[in-house]
Amino acid sequence: MMLNIVPKDSFQNGVHPPEHKDETSHLAIRRFAFAPQLIVPLSQHLGKPAIAVVREGQEVVRGQTIGEPDGFMSVAMHAPASGVVKRIALAPSISGTMVPSVYLQPFPASSQEVDDGEPCDVATATPDEIITAIQQAGVVGLGGAAFPTHVKLKPPDGKQLDTLIINGVECEPYLTTDHRVMLEQSADIFMGVRYLLRVTGAAEVIIAIEANKRDAERKLTKACPPDLPLSIRVCPVKYPQGAEKLVIKSLLGREIPSGGLPADVNAICVNVATTAEIGRLLPKGRGIQERVITIGGPGIQRKGNYRIPIGTTVRFALKETGAADNVSRVFLGGPMMGPAVSNLDIPITKGTSGITVFTTAETIEATGHKTVYPCIHCARCVEACPLFLNPSYLGLLAKSEEYMQMAEEFHLMDCFECGACSYVCPSHIPLVQYFRLAKKMVRKLNVPA
Amino acid sequence: MLGKEVSATDDFVKGLWRENPVFVQVLGMCPALAVSNTAINALTMGLATTFVLIMSGMSVSALRNFIPREARIVSYICIIASFVTAVDYVIMAISLELHRSLGAFIALIVVNCLILGRAEAFASKNTVSRATLDALGMGAGFTVALLWIGVVREILGSNSLFGIALFPDAFQTWTVMVLPSGGFFAMAMWLLLVNWLKNRQTESQAQTQELTP
Amino acid sequence: MSELKKYLEIGSSPHVTSGDSVEVIMRNVFIALLPVCIFAIYSFGAAAALVLATACVSCIATEHVLCKVTSQPSTIGDWSVAITGMLYGLTLPPDLPLWMVAVGGVFAVAVGKFLFGGLGSNAFNPALVGRAFLQAAFPQAMTHWALPLGDTRFVELPNSTLALPFAQPVYDAVTAATPLAAMKFDGIQAVNRDLLFGLTSGSAGETCAVLILVGGAYLVARNMMNWRIPISIFATVAAITWIFNLYAPGSYATPAFMLLSGGLMLGAVFMATDMVASPITNAGCWLYGFLIGSLVVVIRFWGGMPEGVMYAILLANAVSPHIDWFIRPRVFGVGGGTG
Amino acid sequence: MTGPVQQPPTSAWSMYRAIVGIGALCGLLIVTVYQTTAARIRENQERFLAMAVAQVLPAARSTLGVALTEDGRLEKTGEEFALPIFLGYDASGKLVGAVITAEGMGYQDKIRVLYAYSFDLDAIVGFKVLDSKETPGLGDRIEKEPHFLANFEKLDATLTPGGDSLLHPIVTVKQGQKINPWELDGITGATITSEAIGNILNNSATTWAPVLERNAQDFAIVELTEEP
Amino acid sequence: MSEASHWSIFINAALINNFVLAYFLGICPFFGVSAKLETAVRMGGAVSFVMLVASVCAYSINLLLEVINAPYLRIISYILVIASTVQLVEMLIRKLSPATFRAMGIYLPLITTNCAILGLALFQTNRGYGFTNAVVYALGAGAGFALALVLMAGVREKLDLANVPQLVKGTAAAFVVAGILSMSFMGFAGLGR
């Protein structure tokens, strides 16, 4: 199977940005307060938005389904708190567009008991039943992509899955949610693994952990039930180790074909937090109403890992954790891939793995106000790109607006915007930004054809 | 009457600047660079080319109703080649030295795209007098352009102009200018200058147009 | 905190960078060149100092003026033109008339860099373009070499240095042959130790191999140079020379001589590695180095000139777009590595 | 070129008429010009060679073109200047030398030279570059550098006792290092070109000097019928 | 008189006295088709091929002209015979190998009356090359032309993505590149002796 030589347990290229994980990795997960108003977008995942099944003014119980999936490429939505639906209207999102959302006002005095649903027993349920249960639980990839997990679990016809990878790499600087989940929710993880094994029929499970989370490795090794066909592998610390393509390459030495799926190399990769959530929710028939995020960065006073209700606005989250006065940049996720927030009134969704806050000082030091030089062909980006693209040439093409050539000859569409090229570029060329735009243009140009 | 006057002048003038064969149309580059290492070579080449241009233009124009469309290219080439052969012998008769320094490039006037181009594009469609004027203009433009390149290259490269020494002997000649690369650079320099002038011209025209709508 | 700032900065991810910048890289190259410059001045005296200074000033001034004329912000702050100037000065004979130095400097930056679009766009190494122009324009002056370590080198300037602009230089009687010329035309091979420590005549900065290697090592250690290019050049030159030397020791120089003499060190370490004009992939760099090495040997052994590093690098610069075209990184999941 | 194309507007006849007509006109033009200029061109060529001879073999007052036959003898060609070799006679009709053209590869391209061989001195006594593309300022110094041209006051080309080759091959040495009369004092900075000249002369003299010496007797005197 | 070796003739025609960079022959197609690498390669192939044909043609015609003692017909007969032979070959290729024709056929008519081709024919005559020498000369000239064209195309493609000043873009930039290439080719001088 392995056709080329790979460094042990890792992929080629990549970068080593400062991790900043020590700041929060030792802090246990805490519950976050309920905001006076929660905004629950009906589309927090890739695919079709859910269909709202509540009316304005209706009272809902925490955990109650408020949105039903619209077809297979869609998942359910649940009320993050007991309260009243104030209105169903458009709300701002991270991408800048307005999306239909449920505005929920929690009852201030409610005990916030969760409403349980139909349990799904791992021992008796059929794979299809589990898939439906996962869809109904509203589970999406919590690593950041927010791809509906049940879709992923159903490989295309004719594909056999032999390995299930539980991705606990979490390579983004500042983020420690997966780390804490592994330390605190090992039982949930192993329960989730059981569900996933049943659905996929994989023979083997590998939990991937980066070398900077040895305590998690020890914890999981100790807690691992002996009947699971499970191994834990530690990868060297390198960004972007956590990307699906690369974690599969690192552990199995298999390369997902350009434009292909993990199933093409008989593997499936599920985020560790997603797995834990499946293991936590399905036995009780609950849906996702909260998630663990890291709120950190130099601009935050009370850094930490919080279990936060979906729909909490960034503004509320920052207020509660004590953001500094000179906040200059806020981004959802880590600094490498996280999109910057322009409007603090956007809600935290299922795909949000953290909030990182930079003050003016970091912004200036790290990215801001630096001269953009022309590309000097230093080839650092070529040596950084984990997918062996040629960001230097792509950047030049993007500048000349040769978008189709970028896609057809230089595999633009393979780029997953990890940011390694921009990170190393000594000319400070916003390569990722160029590629994002180029990809958008290519999609636009390809649609009519 | 007036219109015809203007167009006749224009036939001649356009080759000098607006449609200069070398600097604007970038035609006939091969002789423009190869034999422009001295001004005298450039001048001879320019005159020879002009002669062929005029004669072939006149002939083509005169015979334009006699030559069927299908046979036109071969006829033009025949006509041009004959005049070139004639020029070749005439120059040999005038001065062997000159002929030697121009080498095979006199013969290569045949394939100068300028001549065939004018024959095809202009002479074959116009009267003898207009064709002559056009050829005269183009030839003059070509000669002047060649001369400019030649002057620069000779002054810097050989410290002389038309073979007459210019500066005291202590002048350091720039050998590169008589080398092929110097030809490319001199040409590039003139092209830049012409581009710049043209740009300025269009800009100022645009400005005046803006001012007088 | 009660009121969060209204105005947030938005920027595209990633929101952190590695900290290196073009300016930093260029400054480091400049630092790596300093010892070579100092040795050049030590070895060839005041004349070399003037040549280097004129080279730098003419290059920097040209760039500044051209930027102003075309109403762009001046780009001299990125240090790249300073490096061009310094490298260019290091490739010149130390007793070259200063007016020629200035002419070449203007040409190097105006034609070799600016016409192509400035930093990052120059298809050829500007310093070598300037030098090649001088070589073509003033072949006599460019093949006139001073003796190193002359007694009066710090107190007297050679006549030629201060030749009037556009006037032919008048040379002092003392003239020397570079080690390569001595080898090519007289079959005299210089002592390797002299070559290593720069006790020979030649261009201002090409003589001391040790300092050039030290500068190169510094840059490699700071990840500011692709070491594959010089190594590939050295290996190619050494290998080809070794074979011929084995076959006919009398007619061909030894590998050590070939590596240490002439501009090979300076060219391989500082010129060929010009990021802009060299290939982008590592495999491409190996090939590029091989090409330069082969051309150097071919020109030195069988060509008309004793030295060919400059031409070899310029030609390889012209080939490097093709190398980039044919040697591309294998994209992840395409071909070979597909599970 | 592609033969008559049958199209309504053009008949085959008009094609033929045009091509033949133009061919005739062109032929007429070329032949006329050739006829008119031929004499002049020939005159030019002769004047050019006469000037060259005056430079390389000033002693000669008249020349006689000769050619090499297959059995190694020289014979008259009936022309005054027959390239690549002709003989020179002084005012009294006595054979003073031969003027020979030779060529070989230089630095850039072929170099063609004219040189004179003196029967009395057994040496090369005159030299002129006919054609060279050598680098101006370096290689082209072979044409005007005084110390280099001084080589050809008397460059030894004595034959071996057997008379079939040169006793000492002509070689180029570094500038200022000429010791023997058969050595060519080179030009610093134009080493390749000066070496090329040495090679050209050596090759040519090795071929021609024996032939000339063998045949000198037959052409020793010429009747002075034509005075230039 | 020493006969130059074939190798020397080849190197001389291809590198030292490169048709484009030293003689300026074929400048028009050189600048015309050197903007893209692919077309440059095809054009290079086509020119090399036509040069070979032209060289053989010129050699034969010259023999004939010497027999009938009509040097004054040289120019006109060279150009006519070469042009028609190339056209014949073009038709032949179109019949025999449509793929080859598509690859370089469209360039053939462009180069039949090109100065590089006629220049080759005249130079080989002036130098008095015999048949094999002439063929080697044509091969060298063709290879040199193709080399220059391909190098030029690579650099120009690179310049397409560079921010070349508006004033320089196009022909002027091409001339500068050609000048630098021409300077670089000076390094080959003295080879092939």
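The first chain written gets the first letter, and so on, giving A, B, C, D and E; residue counts start at 1 in each chain.
One rule holds in what follows: a residue touches a chain if its C-beta (ideal position, glycine included) is under 8 Å from a C-beta of that chain, and two chains touch if they have at least 3 such contacts.
Note that the coordinates shown come from a computational prediction; the quantities given were computed from them, not determined experimentally.
Number of steps on the shortest path from subunit A to subunit D, with steps defined by chain touch: 2.
The chains that touch both subunit C and subunit E are A, B, D. Taking the mean of each chain's C-alpha atoms, the chain closest to the overall C-alpha centroid is C.
Counting C-beta pairs in contact across B-E and across A-E gives the higher total for B-E. Ranking every chain by how far its Cα centroid lies from the centroid of subunit D, the top place goes to A.
If each chain is reduced to the centroid of its CA atoms, subunit A and subunit C end up 49 Å from each other.
Centre-to-centre separation between subunit B and subunit C, using Cα means, comes to 41 Å. Centroid to centroid, with C-alpha atoms defining each point, subunit C and subunit D lie 45 Å apart.
Averaged Cα coordinates give subunit B a centre that lies 35 Å from the centre of subunit D.
Across the assembly, subunit C contributes 111, 117-118, 120-121, 133, 136, 138-139, 304 as residues in contact with two or more other chains. In subunit A, the residues touching two or more other chains are 374, 393. Shared interface positions of subunit D, i.e. residues touching 2 or more other chains, are given as 1-2, 26, 30, 33-34, 107, 135, 137-138, 192. Pairs of chains meeting the touch criterion: A-C, A-E, B-C, B-D, B-E, C-D, C-E, D-E.
By the touch criterion given at the top, residues 63, 66-71, 73-75, 78-79, 81-83, 85-86, 89-90, 92-93, 95-97, 100, 157-158, 173, 175, 178-179 of subunit B touch subunit D in their complex.
Subunit C meets subunit E in the complex at residues 70, 111-112, 114-118, 120-121, 123-124, 129, 132-133, 135-136, 295, 298-299, 302-305, 308, 310-312, 314-315, 318-322, 325.
For subunit E in complex with subunit D, the touching residues are 1-2, 4, 8, 12, 16-17, 72-73, 76, 83-84, 87, 127, 189-190, 192-193. Residues 138-140, 143, 184-186, 304 of subunit C are the ones that touch subunit D when the two sit in their complex.
Within the complex formed with subunit B, the residues of subunit C that make contact are 100, 111, 133, 136-139, 141, 163-164, 166-169.
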